[in-house]
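Multiple structures follow.
Look at the two complexes coming up: chain A is in both, with chain B in one and chain C in the other.
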Partner chain A sequence: MSFFLPVLLRNLLKGPSTEAFPFGEAITPKKLRARISFDPDSCALCRVCARICPAGAIQFEKKPDGLEFNLWHNACVFCGLCALYCESEGLHSTNDWHLSHLQSEKYDLVERATVKFQKCTKCGKQKMPAPLPLMAKLYPGLPADEIERLRAMCPQCRKAETAPAEGEPS
Partner chain B sequence: MNAQIPSLLSRLSTKSPWLYRINAGSCNGCDVELATTAIIPRYDVERLGCQYCGSPKHADIVLITGPLTVRVKDKVLRLYQEIPDPKVTVAVGVCPISGGVFRDSYAIAGPLDQYIPIDVNVPGCPPRPQAIIEGIAKAIAVWQTRI
Partner chain C sequence: MSTYKIPVGPLHVALEEPMYFKVEVEGETVTGLDIQAGHVHRGIEYLVAKRNIHQNIVLTERICSLCSNSHPFSYCMALERIGGIIVPERVEYLRVVADEIKRIASHLFNVAITAHLVGFDTLFMQVMETREIMQDTKETIFGNRMDLGANRIGGVRYDLDGEGKAYLAAQLARMKAPLDEFRDLYETNGSFLRRTKGVGVLPRADAIRLGLVGPVARASGVDYDVRRKAPYVVYDRLDFDVQTLADGDVWSRTMIRLREVKESVRIIEQCLRDIPEGPISIDAIPEIPAGEAIAKSEAPRGELIYYLRTDGSDKPARLKWRVPSYNNWKGLQVMMAGCKVADIALIVGSIDPCISCTER
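Showing the complex of A and B:
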């Protein structure tokens, strides 16, 4: 009896422990790994995500002006490896877990965006994009306008610009 | 009076669909989450009027987990035939939907919708209990249009 009364009192004061969901909001931890979000502006087209994805959920398709990123949420296992390995911070795990859907929407649950090739401002050749987060990691300490100028160039021109051969003016 | 009983039964049964669980070669992750939705008071799927039953002949909503392995395929299809119509089928986890990490394996006969008509998909590896409850709520909405 002495053990039971405090438990009864506590249960009376605390109310039900059942979550209100689906009749109210569900408690969702901030760092829950669920739906992956993709930002095409921060993609360097290195395609390490497609290589690392254990479920083969990420695929790249060739398009005339770039590469199309495809992520099928119905194959994604929320491991977060793509977000971990994405050096340019284009992939992130979000805590949006509302993924259940009717069978008619099965193949619509795709994250799709085309990442376009760019033209080098120096030599005019077609190049892969160099997103800002990646360039900031590669050239720490450089001013923002210098990084902007370098990321508009192709790797060869950038190399010539940042590490000139002996005898050349820098 | 006798004519009213079937209509009364169908009216009442829309409020309490019974759940039945088929493991089609699952790793048990999704099954643990299914058990969690029913047993742990924090989630409590029985608020929606659902109840897990032990026999396929009593089932209304079928929850299928696992990628449908070659060994278990015939047994799953036979079990599915035993469930009386109308029934609503829910694929729980990415495995029955797409194959998940087991996709393109020689041991996998799935994806499941090649053999069984699926109504609701709940992706996740495993889906969290709230996501399963959300899927069951969608399945109940489908169930009410069928009966």
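Showing the complex of A and C:
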């Protein structure tokens, strides 16, 4: 009894401990692992995410001019592995957990974008995109305009460009 | 008096998870018990062989919700043993922190459910409200209330900066006063004691004979805790007491868990004090060669054993685990002999059974 009297009093003064959602805000921590967001401009089409996703929620589909990225939110288990292993900042865990939807909309809950193949500015061959975040990691310290120039090339031309000239220390 | 057989489960109001008990009763007294499993079998041992080693961290984490950190933790330790990977010291501390937070939440859940099963729902709600402090902590530090996603091969996926440490320390401090109040209440409340003292007794000899583990065994006086007997990560450097009680009844099992919660709080506080600076993961994504390894840890329900065999590919050749609940089910036959029908659900709850672990 002596335990519950103060509890009773506290509860009367403080009101319910539960959150008032949907009539009030629900506490959402910054780090909450919820909806995954995809940024096509930062995707290198390496497809590591599709390989690592334990739920099979990420699929790539061939399109004439590129690959279409699909992430099915209803299959995703919010593990965050894809964002962890994406080297190019293409995927991020957000704390947006508002994923409720009508049954009729279940096939619309998908993160979808086509990432286009590109043409190498030097040899003209078709190439995979080389997004900024990845290139900045590969060539740390290089000026921005130089990175822009290099990332418009295919890996072979890029290698040829960045290889040290004969006699120069590498 | 005539004998009856009554079915309890697989779906039953008093059971939290599906298990089928064929109970033989004479009047109101239980005289025999047969347990049948298999209602939530998902074939996870097969599924792990179809997924790569990284995906399996997520899959093993979803074997069970309450010990969801123990599974990927032990799995990673087995992988690291095969790969000869030495994890940074900071990782070892962070792994302990994650595991102990889960232990607190798991134990408090069972302590609360026990109150609910004796019909003391006010107490149930109070304990659950205190447990909520840990749930919020998990959500804030790890990003999920149940599946922490704390482990990766060769490291962890979360870090504690100054702010995180201060937050965690404050959350732990908030638990202390209610924990002491609960201890007093569970120790002295007449209605709770009448329903749990001397009920579902498991003598020490039976606990050893049947190979029971975890809080269930410790409540029967078996001084066995993997963290002490076969220390892993940094448990050998941490100061904590392995809790034991002698009576082996429902009350003792509840008290053991309540006391272990306090020990876990102590362990985390020491980690926060001693944790060295350093990386939270090895650099490269490791290749795992062919080999086999065993890893053990003390899950909230007791000793969890992982056996892993690899063949050099990125998928396990075989992954097999023995969960603590598997051994503990056997104890029910001893505990229930001679008990009253009304106590069946309470006794089942007192071994804190995890059916999704047992059947996976």
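The criterion applied here is as follows: the second predicted complex is superposed on the first by the 147 of 170 C-alpha atoms of A that agree within 3 Å, B and C clash if a C-alpha of one lies under 4 Å from a C-alpha of the other, contacts with A are read in each partner's own complex, and residues count from 1 in each chain.
By our rule, a contact is a pair of C-beta atoms (placed from the backbone, for glycine too) under 8 Å apart; a residue touches a chain by one contact, two chains touch by 3 or more.
Since this is a predicted model, take the numbers as computed values, not measurements.
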With both complexes superposed on chain A, which partner does A:Phe4 reach: first (chain B), second (chain C), both or neither? second
Considering only the touch criterion stated at the top, classify A:Lys106 as touching first (chain B), second (chain C), both, or neither. first
Quick check for you: in the superposed arrangement, does A:Ser17 touch first (chain B), second (chain C), both or neither? both
If touched residues of chain A are counted for chain B and for chain C, the larger one: B
Name the contact category of A:Leu84: first (chain B only), second (chain C only), both, or neither. second
Under the stated touch criterion, which partner chain does A:Cys123 make contact with: chain B (first), chain C (second), both, or neither? neither
With the two structures laid over each other on chain A, which partner does A:Pro54 touch: chain B (first), chain C (second), both, or neither? both
First (chain B), second (chain C), both or neither touched by A:Ser93: second
Using the superposition described at the top, list the residues of chain A that contact chain B and also contact chain C. 17, 32, 54-55, 77-79
Enumerate the contact residues on chain A facing chain C in the complex. 3-4, 7, 17, 27, 29, 31-33, 51-55, 77-81, 84-85, 93, 95
Which bits of chain A are touching chain B when the two form their complex? 16-19, 21-22, 26, 32, 34, 54-56, 72-79, 97-103, 106, 109
Within the complex, which stretch of chain C touches chain A? 51-52, 54-59, 61-62, 122, 126, 129, 132, 136, 139-144, 147, 149, 152, 157, 181, 184-185, 285
Inside the complex, what are the residues of chain B that reach chain A? 41-44, 47-48, 94, 97-101, 103-104, 113, 117-125, 127-128, 130-135, 137-138, 142
